[in-house]
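The structure is given below, and queries will be raised subsequently.
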Amino acid sequence: MSGTIELLEAQPNPPEPGTLALLAAFIDAARACASACTACAAGCLAESDAGRLAQCAATCLDCADVCDAAARIALRPLSAARREAMAALVQACAGMCELTARECFRHEMHHQHCRLCMEASRACLEACETLLEAI
Amino acid sequence: MSGTIELLEAQPNPPEPGTLALLAAFIDAARACASACTACAAGCLAESDAGRLAQCAATCLDCADVCDAAARIALRPLSAARREAMAALVQACAGMCELTARECFRHEMHHQHCRLCMEASRACLEACETLLEAI
Amino acid sequence: MSGTIELLEAQPNPPEPGTLALLAAFIDAARACASACTACAAGCLAESDAGRLAQCAATCLDCADVCDAAARIALRPLSAARREAMAALVQACAGMCELTARECFRHEMHHQHCRLCMEASRACLEACETLLEAI
Amino acid sequence: MSGTIELLEAQPNPPEPGTLALLAAFIDAARACASACTACAAGCLAESDAGRLAQCAATCLDCADVCDAAARIALRPLSAARREAMAALVQACAGMCELTARECFRHEMHHQHCRLCMEASRACLEACETLLEAI
């Protein structure tokens, strides 16, 4: 966690500490969600009931892609010009996380990777919403 | 171009032909823009006046990331549930393309990679706007 | 196709025309393969026999990730220092394409997305091998 | 750290604990390196001496792409068939990390983002080498 704060603090003209902390929390949540979604999609495909989990895997793939892109972009300095596009991207990220959390909730009793992915996407959704209020 | 249409047509329950054509055009424009942005950022960094082009390179990196993610997600079937998150992502893509087109316009007289990137990001911006009206 | 050649020619100190043409062909093949793999994985997950296609989808996901990363990196100038790491990456790309071609071959009679993906991964494998001989 | 171990343990037929721990350590190191490289490239571009740091930024971009792709692929089950391609990818990752560590070492006295990136790429290089001995 503190690693990401350090990365943002090391850039020239870092954002003020409050925004920086929210950005770092978002980046960590998005990275963790991207990993959980990638692992959950792969886990779904390796289960004996993969056919029933296909929709879950598909949802996770979208979520992983948007989380990874959003994390990368949030690691770059947040200029005023980029703020609007960044907000739309975080909105997209929140939407995909919500779909993933809902889909994995349907399977979390039977599959541990769905439980972990549900938790990670809920945490990322929350980080998105907190960031959207601040930027 | 037709390659991407074929990819979308080959999926079960493809969208109706009009939407499918717009999705394919968006995917092609986003992929082309991601490549042009990646090459332009690398080109900026390899120029003797790289210092003056640093802002251009940074803008291109954001644009490449969001274009690649959007293209991947658009290649997956467009369920009703994903429509809203997808629209926010295309909105983010449009915003980044607009910033890139504006930034590269400042350098396109002196650097061919900026001219190509300006054209690709304008084309992608247009494809975003057309898609947003339809989905 | 010619678009990618232009992108590489526009960079300062482009490679000599023969290498440049091979790099451009590789980039185009890798981008096309990444798209075909992304669409095929999504197609597999949307089929009624998704359970039987789970292994195919998993293989396609790996292939898409390595193809997209390799295409991005090949769009940046090929310094002598990067040559060895680039060659290992193209080797990894070739290996994933071979697995994908073999897996999709098993389903290409029944699923058009597998036929298209098999063709794209074979073409990318060939482009990898041609590039590896030249760099 | 333990988060990634949990993700791998949650998949059906996880690798034996020793290999699983090495994979998790590699994934964490590659994700951390991708973030450090992305932030360092952006930091280089935002410095007043961006021109002098252009080569550093370019090296970091390659490294971020290969680290992110390798982390994603390592999150999917390691079948025997994929082992060879995976090894080539980890080899590519090691090569890019070595170049990044060497390049950032030249600037680490003056730029904190280069010091953090040097540390992250050295740690990832080590994780690559440990994994390569085991798979």
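Labels A, B, C and D are assigned to the chains in the order they are written; within every chain, residues are numbered from 1.
In this text, a residue touches a chain if its C-beta (ideal position, glycine included) is under 8 Å from a C-beta of that chain, and two chains touch if they have at least 3 such contacts.
According to UniProt, the chain labels map to these proteins: A, B, C, D = Four-helix bundle copper-binding protein.
Just so it is clear, the structure is predicted and the values come from calculations on it, not from any experiment.
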Exercise for the section: Would you pick out the chains that touch chain B and also touch chain C? Expected result: A, D
Problem - Type of chain A:chain C copy interface by residue overlap (half), same or different - result: same
Completion exercise
A student comparing B-D to A-D should find more C-beta pairs in contact for A-D
Handout entry: Between chain D and chain A, distance of the C-alpha-averaged centres to the nearest whole Å
Key = 19
Completion exercise
chain B and chain D have mean C-alpha positions lying a whole-number Å distance apart equal to 27
Completion exercise
Touching two or more other chains in chain C are residues 42, 46, 58, 61, 68, 72, 76-77
Completion exercise
Interface with chain A, chain D side, in the complex: residues 3-4, 6-13, 27, 31-32, 35-36, 38-39, 42-43, 46-48, 64, 68, 71-72, 75-77, 111-113, 115-116
Problem - chain C to chain A touching residues, read off their complex - result: 41-42, 44-46, 49-52, 54-55, 57-58, 61
Practice task
Would you tell me which residues of chain C are touching chain D in their complex?
Solution key: 58-59, 61-62, 65-66, 68-69, 72-73, 76-77, 81-82, 84-86, 88-89, 91-92, 94-96, 98-99
